[in-house]
């Protein structure tokens, strides 16, 4: 099959438009040969689990699945009863972009959105919302979990101090703490910290460790730092249809992704491309950046003349909307809010092309 | 990574112990290059959908997913309300081997098992069970769907006449008719019929078209012959976490699987290997076959001395149990019931090795 | 409003066709006066809970609800995860007569029916079924609970030894043990035992204690002998819409029902009427009794000429069907299987009328 | 049983602290006599259904249940698929006070709260929220229903024009329109309109018609103006455990409630008492009223010294909190926000007592 004639020349709308990076593909090809036992008992999955324990400096319970929505929904189901409240940002992916998957997998828990500038939760904003739900009062769903996205929906990043503060708040209110790491690598590289520092050392109980966007084809890990929390997960995963029978598909991708710090290289590259794009955008008149680029996403307001030029050049960004813009930041009638996402496949030439097209 | 030292030398316990066959892998490698839009809007998924319409001689609505459990559970959810009854064989995979996934995805429908020799439903056995559930009587879950497996859990195959009879019965009782085709190709090759004859021409409304066991890594298609039945499926699939973001993973596998009748070749080979195994087994003393091998599964009762030899030789078959044995067929204390499953990777040498080991 | 002109003169189809008995009505009238706090914090509910602890000789956690279906579904939800198996008789009310309520409240657990003569489970029949579901094997729903009805759907009664044997089996297999006591009083009176002997002393963990059929209008108690099992029940009940706001409705009925052994008197009367009916039926030619009457239900096969006479006389019994008939017991084309249920309102004259009409 | 010694002398915290009014009790006593067929086929339920069709000037499908939470949850389940969005006020009872019952009965639909002063939704506030959920975009739950409370959680009332505007908006966006009428009578009396004007003539599709708070013990009607919307409701109600077996309990209450305009008399009385309370409060210094009293609820901010006096006098009001206060209205550290609810049992003397106690 040849290049897709209807596809954009340059698609920066999301980081799910690329295939696998070479080491991931190579691992999958290697894993394809020979028999392997099924349902995650293969050697590749075993290797992936061991690598994750090493990388997180903690014995972890790992559940590989093929989709981020599945991973998040299963993770939250392990953290909240059906009558629980799960607190997250009002624009969180789990709240707004998964067609109610968390409600399905939790059997009806309530996701409670809390607003915050730049897609970020703060303890100050959370506290009154959480305290509205009184433990023991039966009319009220019961506070159960806290979920943040790192990188956030707005492309921003929580500092370690911010995560720790949320972790402490969660502990005080007996909330399990979930980190949706669809872009875990990009966040970590941006912070310059270890996986452990960004998670269990900061109070996180469960991580959705995304690998798909940053080099795999379809691979996410649900990671528990406390085995007791994961006890029912084998049944939940199977029952959700997320236990892949030829489990090597997932194991091999994750091994190729993790070995030799490949995932870190990919994240570093994507972040660098986003930074280059941001730096370039800053130099273009009439272009406005609501938030600092901190990982591999660039949110930008451009004149509609510029977005028209992008369309004409078959360059795709995602039209965006947000209610978490900084105070005073507004978008005019003749302006367009866009999201660009870079990935391991983005080149400096791509960035140049985008910048030149916007500059006009 | 080298060969798995703890794995069996020869694993015939299931047809999910192999990787992808070469044309499938080749398609996946080809599909890996370049950008593709996400969530099933890629060209490979489009091509797969078109191929399935051609192969089924019918415009079909296709939903690709990564697991058979997900495919079956989603299919049944489209066919029954939460207060519905879904009739199937008492040993059906959907009833007995999916950890309640159909109950989860249907929000609590009741799977009603009906016994039958050799894993097969008959109209005679079905009728009194279905008629027990009175339409309009609120204490009773309401008859909603009929689900058969082709190949059955017992490795047998419904004839076209038998499927048509069930289809007619279903229509009379306003039951949607589902065919779990985890081994669709093996059944079709065995019957020597077309996909259309085995499905919509016989009254089937929805098919789970399995590709994983017969050459793919993780790819199943939910196929609807009536678009109206599929209206809610995009939301159901997304909500179930089964909409793969880099959809080319599924599309490419299916294209590689279907093109050039590759799937038929694979099925034919697997069936031939099973036939060879059966023919060999018939010549060995003290070996008993409860059912005729009709596809790629061989069910056999061997002396425990023989099963011990298999274990010692690191040859794996699946220890089996069944309540649908033919009348008068019994298994003694010193006998072991085993299932062997052949696949596109099984060789004549493998069959010889198994036979020699059993013969002792 | 006057007598219902379309209603039968004499309705023995069920014990839910009567209103409240006088002491229950009197308690409700008394409770109607004055303010009471809501949601079960009223003094009547408090009194009812205390009475139940006394009667059961055990500190119990009590949850009053208005319907038997609600009570059973909530009880089972406290005993099984969504991926659990609940074992019961194949004709159990929870399996066959509640439109899937247990599946709804458990979020999709599987009710597994086990056949048995006279509506009764035996350890011998249960064992192979339970053992089919292997703990820890993820494809399999996990053994979670055992549920029996006392009185059974067939009007029979488990002896204390039989309950104890099931309780022991349950404990060995880590199954929670539920007793559906929709006709608890009738069974207890028939056995001549105490509530404690029939429940926790025999290994029962949770009881649905029915009061509606035996004297109340709408009142059932879910009773836990271990407070830990009831921890989530306040939320489950509220969330299921079963927390009555003017809780005195339920509390008062239960107080009127329990005080002065009124419930025992009612049950004794109903049982006596059923015994009288049985004794009379035994003397009528061509009348066949499949099971011994043990409580307040009489199952009988009569010539269709006799059932026609009953219809003509506006006497209603429930047409019945069962797959748990004793071996060798058959029902001919010209015969009709009927269930008669007596209650606190049934008179000796009613019984005479029925007998004379059947005798012709 | 004598007066509850721990209960408050005067409980105005809610209108669920009273029993039945006399005509309701009288109907229940009358209905208690004689046999009646079960599960809502009794003559009382039939009469109630006929009365509701008359009162609403429309042939309606009626489903009586015992609780408001059950009624609301069942109503919403008939209006939204599991992947639907139900829009309501951010303080709506269905969102905030039912422990997730709507999520349970809808199998996981999302209740989306929209803020608004005085507990009221406006088209202006709704529009951007509804439009955020794009029909056909699978990541997004799909707009399904609109739910308002009349009387609102804040005791205010929608005008007929406001309901019509919401109805029109709903129609434009293909949203089913639900009215939670827990205090239906109080609202109607306050508006001086007919039941029809407040519901189907204004675009409402489904009503939860509350009778419990205004004179019954436990009785609510789910009312559909289009029979097609109610098709699955018999199964939903049974499955939810909300089909009362001795259905006369519900039918009789509703008949007693509706006949001779008793419900209107009760509502008129309760409203008059609330108006009297409000008028009195206006004359007391340091007392602040955030909203006009429009039905039978009075929301008031009093000095903490006054609330302490109420407590000491064993007079109970409900401590309140709200995020829908009018702009500029604030509550000081030394103030307490309270809700008083009047009912058919409230006397002028009660109001005087409250006023004198607050005045100090």
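Chains here go by letter, A, B, C and D, matching the order in which they are written, and residues are numbered from 1 within each.
Throughout what follows, a contact is a pair of C-beta atoms (placed from the backbone, for glycine too) under 8 Å apart; a residue touches a chain by one contact, two chains touch by 3 or more.
Every value quoted in this text rests on a predicted model; they were computed, and no experiment measured them.
Interface comparison, B-D versus A-D: the pair with the greater number of contacting C-beta pairs is A-D.
Note: the chain lying farthest from chain C is A, by mean C-alpha position.
Between the CA-based centres of chain B and chain D the separation comes to 51 Å, rounded to the whole angstrom. Here the CA centre of chain A is 41 Å from the CA centre of chain D. Residue numbers of chain B whose C-beta contacts span two or more other chains: 82-83, 98-100, 104, 107, 138-139, 235, 238-239, 243. Those residues of chain C whose C-beta lies close enough to touch chain B in the complex are 82-83, 96-100, 103-104, 107-111, 132, 138-141, 321. If you check the complex, the residues on chain A that touch chain C are 39, 81-83, 107, 138-139, 142, 232, 234-239, 243. Interface of chain D with chain C (complex): residues 1, 3-4, 7-8, 10-11, 14, 16-20, 25, 28-38, 42-44, 47, 65-71, 73-74, 98-101, 104-105, 212-213, 217-218, 235, 238-246, 248-249, 255, 345.
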